[in-house]
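Pasting the structures here.
Both of the next two complexes hold chain A, though its partner changes from chain B to chain C.
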Partner chain A sequence: MGIYETQGFKLDNTGKRVVVDPICRIEGHLRVEVNLDGQNVIRNAVSTGTMWRGLEVILKGRDPRDAWAFTERICGVCTGTHALASVRAVEDALAIKIPENANSIRNIMQLNLQVHDHLVHFYHLHALDWVDVVSALKADPKQTSELAQSISIWPMSSPGYFRDLQNRLKKFVESGQLGPFMNGYWGNPAYKLPPEANLMAVAHYLEALGFQKEIVKIHTIFGGKNPHPNWLVGGVPCAINVHDTGAVGAINMERLNLVSSIVDRSLEFVEQVYIPDLLAIASFYKGWLYGGGLSSKSVLSYGDIPERANDYSAKNLLLPRGAIINGDLTRVHEVDLKDPEQIQEFVIHSWYKYPDEAKGLHPFDGVTEPNFALGKNVKGTKTNVKELDETAKYSWIKAPRWRGHAMEVGPLARYIIGYVQNNPEFKEPVDRVLKKLDVPLTALFSTLGRTAARGLECQWAAHKQKHFFDKLMGSLKAGDSATANVEKWEPANWPKEAKGAGFAEAPRGALGHWIRIKDARIDNYQCVVPTTWNGSPRDPKGQIGAFEASLMNTPVAKADEPLEILRTIHSFDPCLACSTHVMSPDGRKLAEVVVR
Partner chain B sequence: MGLEFTFARTTAGMEDSSFDILVLGIGNLLWADEGFGVRCAEALAAEYELPQRARVLDGGTQGLYLLPYVQAAKRLIVFDAIDYGLPPGTMRLVEKDEVPRFMGARKMSLHQTGFQEVITAAELSDCCPREMLLIGVQPVELEDYGGSLRPQVRARIPEAVGVAVERLRDWGCDVRSRGATVAAVLNAGALGMGAYESGRPPAETACRIGDARFL
Partner chain C sequence: MVETFYETLRRQGITRRSFVKFCSLTATSLGLGPAFAPKIAHALETKPRTPVIWLHGLECTCCSESFIRSAHPLAKDVVLSMLSLDYDDTLMAAAGHQAEAILDEITKKYKGNYILAVEGNPPLNEDGMYCIHGGRPFVEVLKETAKDCKAIISWGACASWGCVQAAKPNPTQAVPVHKVITDKPIIKVPGCPPIAEVMTGVVTYVLTFDRIPELDRQGRPKMFYGQRIHDKCYRRPHFDAGQFVEQWDDDSARKGYCLYKMGCKGPTTYNACSTVRWNGGVSFPIQSGHGCIGCSEEGFWDKGGFYERVTDIKQFGVESNADKVGGTVAAVAGVAVAAHAAVSALKRARSGSGAGKTEQGDR
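Entry: the complex of A and B
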């Protein structure tokens, strides 16, 4: 298996090996190993999750109505999305219908998460893969102001504003306390922005730091608390009373007005800052269209944001559902989470044990039994692996496949599916961006395309948040204040055995939870999270996962500064923590990079 | 677990922007002693009534997502499991400017580098707490998925909570003992330490170990 072809890629692991660990932390750590050829082009890529996560097994025997609270703890980011998928799985199993208001509130919370997560990802976890902070010190504030004013009406754009900011940045750099800017590969030739664009982006990085704290207040209002909001099987756990003027108890008009104001301000920030920045940055990188990976071949979305409550069919979901395979952009396949032939997880290259590892298992029948064993070609020891052997087991992440295909999930997948379905909400913004940057549709299938799709989705989500807020207000004014259906709350009203699937589109992609209930207790629980799809290792056919594919054929300017690898992996938003977690334990290096 | 209880709890955290003192428990309660910080916050909220200006928060492993809360606070107390390199179960306090540096100085668990980042980001946005106190305990065991605190670490909770209460009072906070412990003020009932521990499936059906490289 040293050299072989799969999914249109030629894998060759004979060249110089570069190990980046940790590249970020996804429910554990993510480590990437690549082989470079003589021209420093990536010819083999291996992505591995280096930590066991067995949430499924610790849920056995617990109350299904509590599962959401545990699943919120799976990872540090998608707390609310996991909870949403979990309550939907239980509702599906027990045929529980939720009130329209509950659907609107869940959508507002989910869209709010998208807006917040995408914004924070772009500015605080990903921008510095494109923006050279040190170069910003050389910028001319006046020209920066001209640049900013040429792309947006955002008011904070005077020469004085940028001059002050630059001085603040200088002080930071001189004090040696670069903070989040400490670990960059500043000056690397893979950075392409002029100093003025860098300064503008750094200014907006700081503005976004201040602004993002407003956005999450919506979660506190509807979820009762944050960062681990409350959820409820059967609806949402908040009572609403529009006539109550006091602050105690139910959500009242004053709270709803606050929601409305946050929704409006989010939209303004996204449209006047995020999107113009994205386009400005992209215009300097449109010659760097690497990182497409599986996006032009196989993408998957479960869809989300039901317009009406309790209808989870594709036509009622505002975020598109479907699968595209083999690069056939003329056809979107229907996706069914409960069809045993569609979603299956394989473990032949994962540190788990199946009775027959040539076969995959549907999550209803999923098994999560660890089996940590290394291949014979591993370099190093069991406790200190220098180099993994990807021909054997090499990751704690399972390999999910859709009808046997490795799939990319996330904003780019959703936008490609919406585009192919000719849905104007997705197609028109994409066409506008492509036209503005003067690039063909194929440019979408790239790291930059992934980053752009996230920005467009942030804008889309901000608009839809407004839509569902208006819908909620309309319903409340019409006298409907129901937020929960408790008819089937008591297990006495449940069947002896039941099973269900719940799904959501997390900011970083398709999330599914599958539950089997027996005697009112959890009998089996399986989660397939977005990063399981994107970070998947190889399968029995040797097919590579989305991270691995995205790195293929990318030239690396400096082998010991894998900026291009980080840029592409970060574009998937594998976890909130990427930029924060690339620090090594001594807080100095970006990551441990070993070139052999 | 009753429905009334679910509804009653939801209003507890709604006064969102009125606090200037934050008590933050961080860590993952699913990973044995990693849960120390969250359990301390839980115990504090259960045993004491705090004035409106002080907020107790279960920060989990939220990293940068904790930034809004830290930005809102002028004073901050953090409970956490810290690898000080001291004997297991040892409690140690770290003050003020040392907190972020200290937290970034050692090989530690998942969320802690993330939290260091939160502090520097708060500084960058000119909204960093003026005073900080880190109440940390050296963990005994982290690699026990689905497990709970080890006895030596659990035994430190009252002391840790006591230190926090004393500091809150120094800061002029009117902290009152509830007299009796109130159940599940901070977290979903099922995650409360008692329910969490008693609902754990047996080891034969739920693997408890982690990756050999991290053991």
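Entry: the complex of A and C
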């Protein structure tokens, strides 16, 4: 398997091997290895999830009403989205209907997460792949101010503001204690921004760090805290009381006003800072259109944000549902989480064991037995791995496939599906950006496209927060203040056995939870999460996952400074704690050591 | 010549006036009173920035996310001005061998003088390879980095107790930091995650007084973890009056009555949620209608369901501290907090304001 073709890529692992471990500025632990040819172009890519926590094993035998709290702890970055998928899975299994207000509040919380997560990703996890902090020292503050004022009405843009910031930055650098900016790839030729754009971006890096903490206060109001707000099977835990005695102990007018003001301020920040920055930065990189990977071939979205409560059909979801395969942009396939033929997970290249590893298993019937085995071509030892062997098992991430296809998920997948479905909410903003940057539609299938789609989605989500806030207020005016349905709260009212699936579109992509309940306890719990899709290793057919595909054929300016690799991997916003956890349905002992 | 913390602040354009204001705010938020402000100011004026290495084991990054939510001090001021966050996988620009070179440099250059902050924990099964860092088990990197540190901060429930991955049956054998590092002072800052201002409060305390805060028997700073959520809960009067939420979204829930019967773990949880509150003081779980799930307590995942009433603990007074109750839990079982509730209600009834009467009076 040294040289072969798959999904339109020619893999060749004979060139110089470069290892990047750890990949920083992500959630969790990830390793990437690539082979470069004589011209420093990536000809083989290997992505490895390097952590496993076994959360679904831990869920077995517990109260299904508690599952949201456990699964929420899968990830503190996309906090709440697992809890949402979990309560939906339990409600699906037990046929529990939630009140309209609960649907609106859940949507506001999920959209709030999208706004926060996308903003933090762009500025604090991704920006340093495009922005050279040290170059900002050479900027002319006056020209920086002109640049900032030419792209936005954001008021913090005077020459004095940028001069002051630059002086502080200069002194910070001169102190010799560079903190998080130490050993960055400053001065690398892959950085393309002029000093003024770099200085503006550094200013907004700091402003966004200050502002993000305001956005999440919506979670705090409805869920009590952030990260990890509280959720409830059957609705939301916060009661509403806007008229009567005791309102101060519930969601009241003051709380609603606070939500409303945060909604407005978030929209303002996204539209006056994030989007203008994104377009400005993109305009300098529009010649660098690598990293498309699977995005032009196979993308998947489950959809999310139900307009009305309890209707999870595609037509009621504001984020699109569907699958595109084989690069056929004329057709969006229907997606069904419960169809055993659609979603299957494979483990032939993952550190798990199946009875028959040529076959995949649907999540309802998932088997997981850890099996940490390294291939014979590994360099190093079991506890000091220098280079992995991708012809054998090489990741703690399983390989999910949709009807046999490796898929990309996330904001770009959602926007492509929305675009192909001719949904104006997704098509029009994409067309506007393409026109503004003067690039063709194909430019969307790139690292930059992924980063742009995330920004557009952040803006979309900020608007939809307002929509659902207005909807909540409309409902309160009409006299409905219900937030929870307790008819089936008591397990005595549950069937002896039940199973259900819950889904959400996490900031990073399609998220599914599958639950089997027996005698009021969790009998089986399985999650297939966005980074399991994107960070997937190979499958029995040798098909590569989205991370691996996206790195293929990218030239690297300096082989010992993996800036281009980081840029493309970060564009997916990887979340490794999410991707690596699975269930052993029969509770077998989970310890297998095999070193070949 | 390394700069002092104060010089750093001044260099970054912070005025003397705001510096003094910051010091008094810090003194207040630490519960020290305004008299301590000059002491804090003096300490900050004379010290260089302390290097911090922040490692991540098995975790979910909620601690980092919480940390950057800090409102006073702001996370950017902590990271860029108060200390030198030289290594943190989540925020640092570098990756791969450039990142690993920093670990090497800081541990040598600042031998004995850097703080190790740990988020998450090491799994021991499979020779530690359930969490791989640079091709090696995380537990090895943790031990190497801890060797020459000054002190360790164990962030959150993972590093302090084990948290969700260590819940039964703990398939990876994830263990808290103090199980593998036994020769260093360790400050546990539990919670899932801890409150942002508690995190920065602990850091500021260490930098200010150049010592670790006073810890309880379980290793938690007494200043933030010395009292139960129940002790200072604003719904406590409803508990004492016997006014409870009986069902989600019932009339009592809409009045903000006590959540004890809905499984609230406030009576057995030591944390600052009901006083400091969350996200700049906006709310905390009970205020938003859900009981406390006890996320700062050891093994909280395995103490019964989150909606089961706390009944396995002896009644105790408000003045009780974590050490006493820790001992009580171990020694006594089966005497219900329900009795505590009943007694409280009874006391009120005797003093002439029974539960029913109060409820009427509410309207």
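The rule is short, and it goes like this: the second predicted complex is superposed on the first by the 563 of 596 C-alpha atoms of A that agree within 3 Å, B and C clash if a C-alpha of one lies under 4 Å from a C-alpha of the other, contacts with A are read in each partner's own complex, and residues count from 1 in each chain.
Quick note on the criterion: a contact is a pair of C-beta atoms (placed from the backbone, for glycine too) under 8 Å apart; a residue touches a chain by one contact, two chains touch by 3 or more.
Nothing here was measured: the structure is a model prediction, and the numbers come from that model.
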Practice problem: Kindly say whether there is room for both chain B and chain C on chain A in the superposition, answering fit or clash. | Solution: clash
Self-check item: Touched partner set for A:Pro141, first chain B, second chain C, both or neither
Solution: neither
Exercise. Scan A:Phe372 for contacts with chain B and chain C and give back first, second, both or neither.
Key: both
Quiz item: So, A:Leu232: does it touch chain B (first), chain C (second), both, or neither?
Solution: both
Exercise. State whether chain B or chain C is in contact with more residues of chain A in the superposed arrangement.
Key: C
Self-check item: chain B versus chain C as contact partner of A:Val19, first or second or both or neither
Solution: second
Self-check item: Partner chain in contact with A:Lys386 - chain B first, chain C second, else both or neither
Solution: second
Quiz item: Counting only touches as set out at the top, which of chain B and chain C does A:Pro306 meet: first, second, both, neither?
Solution: neither
Practice problem: Examine A:Pro195 and indicate which partner it touches, taking first as chain B and second as chain C; both and neither are also allowed. | Solution: neither
Quiz item: Just chain B (first), just chain C (second), both, or neither: which does A:Gly293 touch?
Solution: neither
Quiz item: Taking the superposition as given, does A:Gly535 touch the first partner, chain B, the second, chain C, both, or neither?
Solution: neither
Exercise. List the residues of chain A that touch chain B in one complex and chain C in the other.
Key: 25, 28, 50-55, 57-58, 62-63, 65-66, 69-70, 73, 75-77, 79, 120, 124-125, 172, 177, 179-180, 206, 209-210, 212-213, 216-217, 220-221, 223-228, 230, 232, 237-239, 247-250, 370, 372, 382-385, 396, 486, 489, 577, 587
Self-check item: Touching residues (chain side chain A, partner chain B) in the complex
Solution: 25, 28, 50-55, 57-58, 60-63, 65-66, 69-70, 72-73, 75-77, 79, 120, 124-125, 172, 177, 179-180, 206, 209-210, 212-214, 216-217, 220-221, 223-228, 230, 232, 237-239, 247-250, 255, 351, 368-370, 372, 382-385, 396, 486, 489, 576-577, 579-581, 583, 585-587
Quiz item: So in the complex, which bits of chain C are touching chain A?
Solution: 2-3, 8, 11-13, 49, 51, 56, 58-66, 68-71, 74-76, 79-80, 84-86, 88-99, 101-102, 123, 125-138, 140, 163-165, 167-172, 174, 192-193, 195-196, 235, 247-249, 253-257, 273, 278-280, 282-290, 293, 295, 301, 305-307, 362-363
Practice problem: Going by the contact rule at the top, pick out the chain B residues touching chain A in the complex. | Solution: 1, 3, 6-7, 9-17, 28-30, 57-68, 71-72, 104-108, 110-111, 113-114, 116-117, 120-121, 123-125, 127, 145-146, 187-191, 199-201, 205-207, 209-215
Practice problem: Show which residues of chain A lie in contact with chain C when the two form their complex. | Solution: 19-29, 31, 50-55, 57-58, 62-63, 65-66, 69-70, 73-77, 79, 120, 124-125, 128, 133, 164, 167-168, 171-172, 175-185, 206, 209-210, 212-213, 216-217, 219-230, 232, 234-235, 237-241, 244-251, 258, 370, 372, 380, 382-386, 396, 481-484, 486, 489, 560-562, 566, 577, 587, 590-591, 593
